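Would you mind keeping the following structure in view while I ask a few things?
In order of appearance the chains are A, B and C, and numbering begins at 1 in each one.
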Amino acid sequence: MTLQSLFYYKTVKYVVAQNKKVGVLYRIFQLTVIGYLIGWVFVVKKGYQAIDETIESSVVTKVKGVALTNTTGTGAHLWGPEDYVIPQQGEHVLFITTNFIETPNQKLDTCSESPNLLDAVCSKNEDCTQGEAVLTGNGIKTGICLKKERNSTGICEIYGWCPIENSQRPKVPLLGKAENFTLYIKNFIRFSKFNFSKSNVLETNNETYLKSCLYDTIHHPYCPIFLLGDVVRKAGHNFQDIAVLGGSVGILIEWRCDLDKGYSKCHPQYSFTSLDTSTTPSSVTAGYNFRYARYFKNAAGEVHRNLYKVFGIHVDIIVYGTAGKFNIIPTVVNIGSGLALMGAGVFICDMVLLYLMKQSTLYRKKKFEKVNRTDIKSEDPKVKLSQQAVLLSDR
Amino acid sequence: MTLQSLFYYKTVKYVVAQNKKVGVLYRIFQLTVIGYLIGWVFVVKKGYQAIDETIESSVVTKVKGVALTNTTGTGAHLWGPEDYVIPQQGEHVLFITTNFIETPNQKLDTCSESPNLLDAVCSKNEDCTQGEAVLTGNGIKTGICLKKERNSTGICEIYGWCPIENSQRPKVPLLGKAENFTLYIKNFIRFSKFNFSKSNVLETNNETYLKSCLYDTIHHPYCPIFLLGDVVRKAGHNFQDIAVLGGSVGILIEWRCDLDKGYSKCHPQYSFTSLDTSTTPSSVTAGYNFRYARYFKNAAGEVHRNLYKVFGIHVDIIVYGTAGKFNIIPTVVNIGSGLALMGAGVFICDMVLLYLMKQSTLYRKKKFEKVNRTDIKSEDPKVKLSQQAVLLSDR
Amino acid sequence: MTLQSLFYYKTVKYVVAQNKKVGVLYRIFQLTVIGYLIGWVFVVKKGYQAIDETIESSVVTKVKGVALTNTTGTGAHLWGPEDYVIPQQGEHVLFITTNFIETPNQKLDTCSESPNLLDAVCSKNEDCTQGEAVLTGNGIKTGICLKKERNSTGICEIYGWCPIENSQRPKVPLLGKAENFTLYIKNFIRFSKFNFSKSNVLETNNETYLKSCLYDTIHHPYCPIFLLGDVVRKAGHNFQDIAVLGGSVGILIEWRCDLDKGYSKCHPQYSFTSLDTSTTPSSVTAGYNFRYARYFKNAAGEVHRNLYKVFGIHVDIIVYGTAGKFNIIPTVVNIGSGLALMGAGVFICDMVLLYLMKQSTLYRKKKFEKVNRTDIKSEDPKVKLSQQAVLLSDR
């Protein structure tokens, strides 16, 4: 082999079989692969793009609206966002109070445990082991079994915040007006692979638009202000129903960005989903509630508290999405492997040609040129050229 | 076909065209593909690695520092982290108060709504529908229109927390000293695909280093303690400016881990970004504020509250990154598809050779060996070998 | 070239070398590639699936249990979830108090700074620059150096919340009973690529199961209620030890879903990890604590507060996982690139055959059919066919 021969072009030798059956089969296969590659992989699935699947997101929320409640215990009370939104600082997970049970003026004292707790039912003092906590209860047993009559079943006395909370389930949402609260969502996203960042807040010169708009799937799809009732409804709930015991709702923000098309074509898509399991609501998993307390001191310096069990809408803003941009590596991988797959087609067509056609024996003979023992023996420069030519096609 | 023939080696027959133009073309193509494969795919892009794109991260923060404010209303007040950091428990999203408006001693009562709200402007009592909430206002209309003079425009009376908050925008940051607060960030990350976990806190024997160091891009790039003023400055803001109305800042922690290089080579990279949109600040989107209230009871047991509207720096710590480790599958995919792409080069060079060269007709004749009808007819062991040899190259 | 010739099937011409060494070598290579492709890529690694690596997750938590503390300062105190869980609303990051230092009745006043702070040690008034904050301290220096005796070293006087907190480290966990608290985790996940969502809460008709079950690796692997002591133990800590100064624990929920197998086969896997660095605990990084305050007003309307420094278990629920579903593109990429790799095997076997075998010269001659200058000159339809046939195998 000389240096010169490095620049000789070697091209594969083909045997042309004038067999239209296999020929058409092969062409069909070729067209399928090319069609799949261009149509599906490149046009539909954008296989020429590198994808950033991990979105970095920062969400800020702000709820507006007021509601008046009027309970027999505490009278008229005005609820502003500083009260009904928890936490108040505007995170991507927020809770909006729609109902509550207030237990005012609790003091650390001894009192009777809730009669609904099986663990607190007793018949004698020995049933209330001193110092033991009541299972999922409100306090520590003092060792005394409180009875109304001598032989009736009683309830253990506990040490805890007394009086204990009324354990009746509410029937009506006290803050039913929460349906009209508005939720403003500011979402900043970033695709670090492409160093691309954007916000969901429209870059408009029209300042007042952002003050007055309200999200609507058709007319205002990019307005970042949502009506709470709307969100809950779109997630598949009836607001006044869910407001009684609370529930979980997800606001999904999808960013599907084709960065080859430019900055302005990358928009968020909002959708809404219930985060509760879709099956029949069981008493354990249904609703959303928790408790918090406000502590006070009286003139004597003694601490008491107001306990609030609050029910409400738990809103979780979930941001997801991908960005794609042209990149040579996935392009090569998709083209290359598509082409390689054609090799599989060649293999199948060859099998058909060489074993299933009438003239298969001839094709095999033509395709496979044997190097025989006789060739090897005649491997001698003195052997005549004409002899070799004849032997070439010998069996 | 015998069993033995399974172990015969079949090698493709080539036609060598001593055409240096196409030969050089093909060699250039080959070198390009190999160069791309080795240089770009493997050396630069580490195409031999499987990538874990999803990082699991847990962040804990702690802010230190105190600031003294002196307002005409409440006098000197010392702010510690328990007051100015919200929430106090040290999450990955935190808010550091830099300014506030205090409205002390609010009671549930009736008073005049803010004159800045268009919805509260009235000329007669009928304009203030009883029981209706003022849009983005502070309470519920009582149905009375409060006027200074008989014919002037008035303001609706509301029921709510009175007196209402002073709606003037602040001009100076009351906690301007927040610039010197320090922020300690503990970040634990995990790449589940490779079961790899690490913390951003330096594993040092020098305990005092972590007590005294301060992050610096050049001298202390791995110190996890940041000066708040520094963070804001690096995000592109002037601290004293942003401190007035607040703003959002992102601390990005990037983990770019090459696990083939070992545990100790995987370090976090910190960068800082503004999370506000870059365009002209509109009154709606600018700033960061929210309200919270502290509730008190007086000696008579009546509730009143101090309302705080706080402005400040919203810090969002965003962790992202990828880990890569050698894996056979992406290696095979990249090599395989690169090799397959060479097939495309062969196709192009063949086209040039067979249709654009002077001797194309000859090359075509050599490359494509036809199997003719005559062959098929002569498919007869008695036909002479010499005849077949001649027919081989027949048209 | 006629239209008809488009449907002729061209098949590569092979030279069959009856060389078993290379033949066997090639077959071994082929089997390796096929074995790798079927066994490793498809069966083990499910290379026929598209993978969604980004999971969208929403977590809700609820802690239950009560604990009684009895400190000399404040007497018996009952802690419910509304007190010891921070934040109370049930997020995916939560803190459960296990120990605390209470500093009751702090007032804004002047007092002596903590003697442990180097920055507060002074020998004369000039050492306490007025208006300067003590480094990591509790207040602002007033400019006075408080001394017990004339020549002893003193401590700067500060303005702040006085008396200052007792800086002694606690020795015993006051809420050691927290070991028996239960943690209920509700996790809703979604794979947006496949529009698949599921919850970790068992869809059971048995309502009471979810009320009474307790997670256990073997017997109740899908019960979403965890014993706090259990979680801490499985993360590698001793509960009573970690409860003193607090610590970070991660509950990892892994979703590894094969969507080709159907909805019901996709289950969460729980595991537990410590989120503290594994090295020797340094005083800076060990533990988990923060402060919060409760504000009160006395009868005269003066504000005072109770400061709590709380230590506890910081639980971070980290959800991760992937979903896979059959997709044509990765299937083609894997098959295609595997097949292409076989080309590399052909190349190696060819090299062996053409340069390392005894009869290499013959094989080279057979494999590479040259097109010579003489051919080109004789490129003339009048040249006799037989001559061409002879020249074919010439040099």
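Note that a residue touches a chain if its C-beta (ideal position, glycine included) is under 8 Å from a C-beta of that chain, and two chains touch if they have at least 3 such contacts.
Quick caveat: nothing in here was measured; it's all calculated off a predicted structure.
Peer 1: Rounded to the nearest 5 degrees, what is the angle of the rotation that puts chain A onto chain B, matching CA atoms?
Peer 2: Roughly 120 degrees of rotation.
Peer 1: Under the over-half criterion for shared residue numbers, do copies chain B and chain C use the same patch or different patches to meet?
Peer 2: different
Peer 1: Averaged over CA atoms, how far is the centre of chain B from the centre of chain C? Could you give it in whole Å?
Peer 2: The answer is 16 Å.
Peer 1: Going through chain A residue by residue, note those that touch at least 2 other chains and give them in order.
Peer 2: 10, 12-18, 53-54, 87, 296, 299, 333-334, 336-337, 339-340, 363, 366, 368-369, 389, 392 - these are the residues of chain A that touch more than one other chain.
Peer 1: State the interface residues of chain C toward chain A in the complex, per the touch definition above.
Peer 2: Going through chain C, the ones touching chain A are 5-18, 53-54, 56-58, 60, 62, 64-68, 76-78, 80-83, 87-92, 177, 180, 186, 188, 190, 192, 197, 199, 201, 203, 207, 210-211, 294, 296, 298-299, 328-329, 332-337, 339-340, 359, 361-363, 366, 368-369, 389-390, 392-394.
Peer 1: Write out the stretch or stretches of chain A touching chain C in their complex.
Peer 2: Residues 10, 12-20, 22-27, 36, 40-41, 45, 47, 53-55, 86-87, 93, 95, 108, 131, 133-134, 136-140, 159-161, 248, 250, 252, 254, 273, 275-277, 279, 282-285, 288, 290-293, 295-297, 299, 301, 307, 314, 316, 318, 320, 333-334, 336-341, 343-344, 346, 349-350, 353, 363, 366-373, 375-376, 379, 385-386, 388-389, 392 of chain A touch chain C in their complex.
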